[in-house]
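I have a structure here, written as structure tokens, and I will follow up with some questions on it.
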Amino acid sequence: VGQDLEARANPASAVLSVFKVFQQELDIKHDKYERLVKISRDVTIESKRTIFLLHRVTSVPDAEALLSEADTKLEAVRQKIGQIAEELRGEDIYQFHRAFTPGIQEFVEAASFLHYIRHRSLISLEEINARLVFVGSKELDNKDSAGSPEALTFQVTPSDYLLGVADLTGELMRLCISSVGNGDIDTPFQLSQFLRQIHDGFSYIGNTGPYEVSKKLHTLRQSLGKVEDACYTLRVRGSEIPKHMLADVFSSRSALVDPDEGSA
Amino acid sequence: MSVTEMFSYLQGFLSADQDVREDIRKVVQTLEQTAREILTVLQSVHQPSGFKEIPGKCAKARELFCTVRTQIAQLKTKFPVEQYYRFHEHWRFVLQRLAFLSAFVVYLESESLVTRGEVAQILGIEVVQDRGFHLDLEDYLAGVLIMASELSRLAVNSVTAGDYSRPIRISNFINELDSGFRLLNLKNDPLRKRYDGLKYDVKKIEEVVYDLSIRGLAKEAESVSDK
Amino acid sequence: VGQDLEARANPASAVLSVFKVFQQELDIKHDKYERLVKISRDVTIESKRTIFLLHRVTSVPDAEALLSEADTKLEAVRQKIGQIAEELRGEDIYQFHRAFTPGIQEFVEAASFLHYIRHRSLISLEEINARLVFVGSKELDNKDSAGSPEALTFQVTPSDYLLGVADLTGELMRLCISSVGNGDIDTPFQLSQFLRQIHDGFSYIGNTGPYEVSKKLHTLRQSLGKVEDACYTLRVRGSEIPKHMLADVFSSRSALVDPDEGSA
Amino acid sequence: MSVTEMFSYLQGFLSADQDVREDIRKVVQTLEQTAREILTVLQSVHQPSGFKEIPGKCAKARELFCTVRTQIAQLKTKFPVEQYYRFHEHWRFVLQRLAFLSAFVVYLESESLVTRGEVAQILGIEVVQDRGFHLDLEDYLAGVLIMASELSRLAVNSVTAGDYSRPIRISNFINELDSGFRLLNLKNDPLRKRYDGLKYDVKKIEEVVYDLSIRGLAKEAESVSDK
Amino acid sequence: MSVTEMFSYLQGFLSADQDVREDIRKVVQTLEQTAREILTVLQSVHQPSGFKEIPGKCAKARELFCTVRTQIAQLKTKFPVEQYYRFHEHWRFVLQRLAFLSAFVVYLESESLVTRGEVAQILGIEVVQDRGFHLDLEDYLAGVLIMASELSRLAVNSVTAGDYSRPIRISNFINELDSGFRLLNLKNDPLRKRYDGLKYDVKKIEEVVYDLSIRGLAKEAESVSDK
Amino acid sequence: MSVTEMFSYLQGFLSADQDVREDIRKVVQTLEQTAREILTVLQSVHQPSGFKEIPGKCAKARELFCTVRTQIAQLKTKFPVEQYYRFHEHWRFVLQRLAFLSAFVVYLESESLVTRGEVAQILGIEVVQDRGFHLDLEDYLAGVLIMASELSRLAVNSVTAGDYSRPIRISNFINELDSGFRLLNLKNDPLRKRYDGLKYDVKKIEEVVYDLSIRGLAKEAESVSDK
Amino acid sequence: MSVTEMFSYLQGFLSADQDVREDIRKVVQTLEQTAREILTVLQSVHQPSGFKEIPGKCAKARELFCTVRTQIAQLKTKFPVEQYYRFHEHWRFVLQRLAFLSAFVVYLESESLVTRGEVAQILGIEVVQDRGFHLDLEDYLAGVLIMASELSRLAVNSVTAGDYSRPIRISNFINELDSGFRLLNLKNDPLRKRYDGLKYDVKKIEEVVYDLSIRGLAKEAESVSDK
Amino acid sequence: MSVTEMFSYLQGFLSADQDVREDIRKVVQTLEQTAREILTVLQSVHQPSGFKEIPGKCAKARELFCTVRTQIAQLKTKFPVEQYYRFHEHWRFVLQRLAFLSAFVVYLESESLVTRGEVAQILGIEVVQDRGFHLDLEDYLAGVLIMASELSRLAVNSVTAGDYSRPIRISNFINELDSGFRLLNLKNDPLRKRYDGLKYDVKKIEEVVYDLSIRGLAKEAESVSDK
């Protein structure tokens, strides 16, 4: 490499020999950064696909099968995050944060979406982080279980968690509109309640959070508005039932008036 | 070759490129004009009086698609076929509109989803990229989504026109379409945004069907169509 | 996958079966796009490193060795571009152009920089493209030469070429300033001549080129200004020589007044 | 844990983060104040009168670095050591200035390039990341580059002050530094921009040496320093 | 002529231009004030109580248009007529508002589309450019589109006020307008964007008519109007 | 006085200014915290369950306004009263939020528009500038407009919660507000942009009233409130 | 007249307008091409070899201005003369470039400031608006400012080419220009921004003259030109 | 008070505010005109011929400052004194220019740094805010920094005019100024950015002194001034 030519020219130069070390240090850092960017892109794409998969939940009969498929997909994403953790082993994670923050936010979005669909609650930062513990460097490779059982952990930052949850609200809004379209009137009311809680949470945090959160607040407010509008429409139209051929409705569309049977 | 000669050569290339684009723009304008005319023909189906004339309107639209084919044939001559995506942006918008119009005509005629192949045939273009000027999958899908939104409007206007069975058929059709789209992994692009709109169309149609149900009009419609 | 659940729910649905095909087609396309983005990032980084290497040419004694090292580096970049070409085999290259254009521009910058240093002229688009012909899918693997000798080519677009050359001017400016600092007064005048030609070329093209070129024109103008200023300074200070102890200068810094001995 | 509780918890985290940043900002302000004082002490070397007093000025600056060490010691207590890069932006600027001042003092004292270790020692911090609050390589390099630009100014002012040998020594030093920097592959970041500035410093110093050469003052200088 | 004399002379032109713009701005402000007053008068048609008073409100608005004509007459005196487009931006916004208000009054009076000529007459200006201060075609169309959006609001409020026939008439009118606009080949400019909004107005009004239909209120309305 | 002495003296002013700003920032932060708490309290009125508890929530908010008054009292002590506009930007945002919250509480309590004087009283400040720390007219108006948008949301959620009369009252209120704003000649500033949003709120609420009317729920609501 | 007829009729106006703009764009493109050619010719004066050929280059440019006049003559036929400002944006950019090129040629020929009248003559257009297609004052001034920046580059390159007297003449010229511009009361528009750049040109040229003066080259230049 | 009455009343405030701003803008325009005239007078010091006439030019400028005082006196009458910061942006720019011009005159007269008090006196305003219309510290400092950049230009032009001692005096003065500024703890605002420019002025002037030194012209200058 060029440095050798240099060094040959000034064999005694102390300056050149330290700069050779600097060159290596910088290159190693940049290479690591690049690798992290690439893994992060993979994490983003696979998380997005998981979210798409989860939206199919309102249109398939066997929701459980779909959810377990989502589990599998997220497990693959988790493995990718394991690679990130591997790269960050012994590093200050904030040093390379910009490289992988988009991917992690998308993962939070996907994981919290799955969690909501399954449990109708908000996954906590702790729950997310608890899943990002990796044992050994090749956790999947079970034959090697005798190897070093040193636990490797990845810690999602509160900011990334918040940003992921902010994006989650957009997906919840989509889920809400789909639910109405599929004749499920229970889910929209549940979702409006849940979204309102998240909205109130974010407005409680206000401008003390990271700058990007404030930017996403507007979209969040819009999503909440759409969900509230959907509930409003359901209520308004529901008001008409008693006046027109009520029996008919009961017989043909019982699901509509029995809120306990919504697709949970 | 001197630097000056090289830049002259490049300038030649750039000028040629601009000329090609200019030519494309002109043909695309005529296409847009025809597309607006087809739309005007088909818009009448939303009128109470227009419902009976659907076959006639479709025929009329089919005729205008001849013009479209001629215009697209001209468009094809304006640039090398393997550079489709270089100039894609110029006709993407109108092609999506035309895919929509094709899909709408086919739906009005047969209440079925037009295939990508059928659209290609109506427009006189290819389905597969390597065979020439073709219909990009995304553009086909965009056209289908525009139709979905038009159908939600049609469902509303059908009721106004006193046709209570059509909304129910539209509902079934749109639901199937929705299931189809759910299979796709879209990027954060205009298509994704349009697809988000589909949920609102589905919702709107569901509301129409609901309104018919609680008034017993849906049943009436079914029994009519059963006959 | 989720589509199977769907399909099982509506086994007869023609719509679902065509959308299954669409899903595949879209996923394949997006995956290819992603791969191209990643290769393009590699191309960018390696090209940039080649450019850094080439800047060392003014400070090493054995320029040839350094240039051949740059050749080796660019050959590696070329191989990466071969991978891009492989991905684009049979595709319309403009379909994925946005994915790899940054990398290709950086490659043009590096290749034209090396060419200038070696030949003091502007590499043409044809010369660049002529090098991007790849025989067989694994050109390096010479054992396999009996395999299909199908040539795979990559065509840099005129726009990418222009954008790369626009960036080249920044590197030439840096080279010029370094040359002055290294006491080489021949190179600056050569460079100002060359840069002026490129500048005049770009201003001849004017706003008929792609939008990004117009944006880079301002930087190009600034680089030219810096080079012209450097030449001006050399000329102005040169004007003083005859008046003060001329002999001294001849003996101690002969290189300065003998323009034929600049480090070519 | 309810959503409200979760957000309260997060809000707590965010508030804590803001408090930490507030604390850091305050200490950093005192550091900036001290850095400006050191700079004022060292600036006098550019004055014709200042040249003889260099050792005194350096000693004075060394004293002020004690204050710096105390202040950095305080800074270290404000945040968990493993979160260095989380708050890096807050002190990056002043740390680069301090690296520059350290490098400048060392150069004035011994005409040699300060090592990263020496800077760390002067500032009372670590070189290696895992050992605690450290000097980032990029920040060290930035400091060195600021010094290079100061040295080009010093070369000019040395001539004004009648010292013709110093520019030549500076020239040799800067050339070696330049060779060193050429080995690095920098990203398109502020450091790269600063490094581009080095070329102008080298050029300026070369011009000074040239001016001395053509007037026979360089030789004079050498013979003086040879004695 | 020296450079100084030349520039003194040129400054005269610049001052004159600035004075003209200042004068125009002042008259335009009074126009905006009057436009807001007319709007306030016409807004009352959205109130349940306002429906009966439409003729009175229109008469009131017509009176205020006298003031508008006086103000525009003043505006005309502020600049040479052939420099209309030089200062167009100053009054374009208010002229579009006034075109909207004219169109709205005319619609409320006669349920017909105001022509460009009628707007020009109401505002006391010309249609064709060569005859003086005129109403630009784009500004007329913008005014008509603002009215369309006002009518979709009126359709909603008519129902609230218990008038079930007006929405149906508005629906027909807006559909006609929509067909009309489809004949136009608009550029990608603010007008085009405004026109894209028209389809939401059309849809909204169709939904109002739908709501009336499915509840049998539309027929009721017809039978009322038949009497 | 030497230059050094002069600048040392000037630094005193700069430090004082920075200290004042630092102090202001800190108090403003506590104000923002309290404002967010009040918002959290009041936002619960959008919950279906929250409707019955409005008086309680208002009382709770009123209590928190005591804290606000204390905090603003502190703020007042941080700078000379005649320099209000020098530091205006620091509290402008939170003051607009507080004006909104005051207006919202007053509306929820009495369904009337808070006056600028009342807001001033709730916040413990003056209306007129010469009497001390005051509420700028633009800030009061901004607060009122934020409330308008909150009320359009409330109208929607009232219906969801089964309260059909509140939207009608909100509609009347907002219409009055809209007429009021039309009297103002606003500059092209952030306030104007906010005001442009008011027409969407008006339209939104009108559509809610429409939905109630067409289903006969508006009448029902009236008869309920008549009792 | 039905709405359809009315809009068909209006479409006629829109088409006509679009055709006019299309025509203008095409001619403007040819003008831009010629302007770029003139620029290429004149830019060679920056080459060391180009200095002797200035008269030849100017003659060459003058020839190309014939083409410009023909093209502008064509441009004039594309639209009614009183609509100059309607389409002004289409040619404003190229007209400023041409004003610059005219000013540069005149300066190279006679080292004097071109008047607005001379530019108009070179381009074959009018000075005063009422007499037809004219050169707007702002466009003339923009052209002059572009030339000022070209002259500061020329001053530098003159020295490189060994011509030491030209920069001094340029310096006087630019100073006069600067005084002239200081008489103008410019608005806060693009022209003002361009004018702010002039002071950098002035400073740059002063530094060139300084470099010549301190080396005694200015005197030399004077004595040469005295002969 | 009804909402309408309330808003009518509020409109009174808004109108008054707009009138005040309009009045301020007009007076500020006359101030800008006078400032440009003073600048033109002082610019002549950069001309070789201008060096002898400095006292005369300063006297001329002093006269024009009378006009400035009259205009500022008018400005003061346009708004209540305690609302200085409400309208500060309107005159901030011109006040900085005037502070620069005052500083430049004082420097040319006495080669000393004008104090804030002196500037205030020249402009007929107060130093301390509580005593009325005053000179903000930041505006004073901005004016001083503009002068520094003018002095670096003056150093260059002095050499051209053959005055070799002035640059050395300017160098000392600017160095003192630089030390002064280093005592200030500036925020990250426009002033800070301007201050960052000071180091380029310092460097430029040092290079001028260097050029004089290496050619033995500095000594010559000293011996001249010694006489």
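Order of writing sets the labels: A, B, C, D, E, F, G and H. Residues in every chain begin at 1.
Throughout what follows, contacts are C-beta pairs under 8 Å (C-beta built on N, C-alpha and C of every residue); 3 or more make two chains touch, one makes a residue touch a chain.
These numbers were taken from a predicted model, which means no experiment stands behind them.
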| item | value |
| --- | --- |
| Neighbouring chains shared between subunit B and subunit F, ordered by label | A, E |
| Chain pair with the higher count of C-beta pairs in contact (B-C, C-D) | B-C |
| Most remote chain, CA-based centroid, reference being subunit H | B |
| Whole-Å gap between the CA centroids of subunit D and subunit E | 66 |
| Chain centre separation (subunit A, subunit C; CA means) in Å | 38 |
| Centre-of-Cα separation between subunit H and subunit A, whole angstrom | 56 |
| Subunit G: positions in contact with at least two other chains | 179, 183, 185 |
| Residue list for subunit A, restricted to those that touch at least two other chains | 2, 6, 30, 56, 59, 200, 204-205, 240 |
| Chain-chain contacts as defined at top | A-B, A-C, A-D, A-F, B-C, B-E, C-D, C-G, D-H, E-F, E-G, F-H, G-H |
| Of all residues in subunit E, those that touch subunit F in their complex | 29, 32-33, 36, 39-40, 43, 46-47, 153, 156-157, 159-160, 162, 208, 211-212, 215, 217 |
| Subunit D - residues contacting subunit A, complex | 1-4, 6-8, 10-11, 13-15, 18, 82-86, 88, 113, 115-116, 129-130, 137-138, 141, 176-177, 179-187 |
| In the complex with subunit H, residue positions of subunit G that touch it | 175, 178-179, 182-183, 185, 203, 206-207, 209-210, 213-214, 218 |
| Interfacial residue positions of subunit A with respect to subunit B in the complex | 48-49, 52, 55-56, 59, 174, 177-178, 180-183, 230, 233, 237, 240-241, 244-246, 248-249, 252-253, 256 |
| Complex interface listing, subunit C residues touching subunit G | 192-193, 196, 199-200, 203-207, 225, 228-229, 231-232, 235-236, 239-240, 243 |
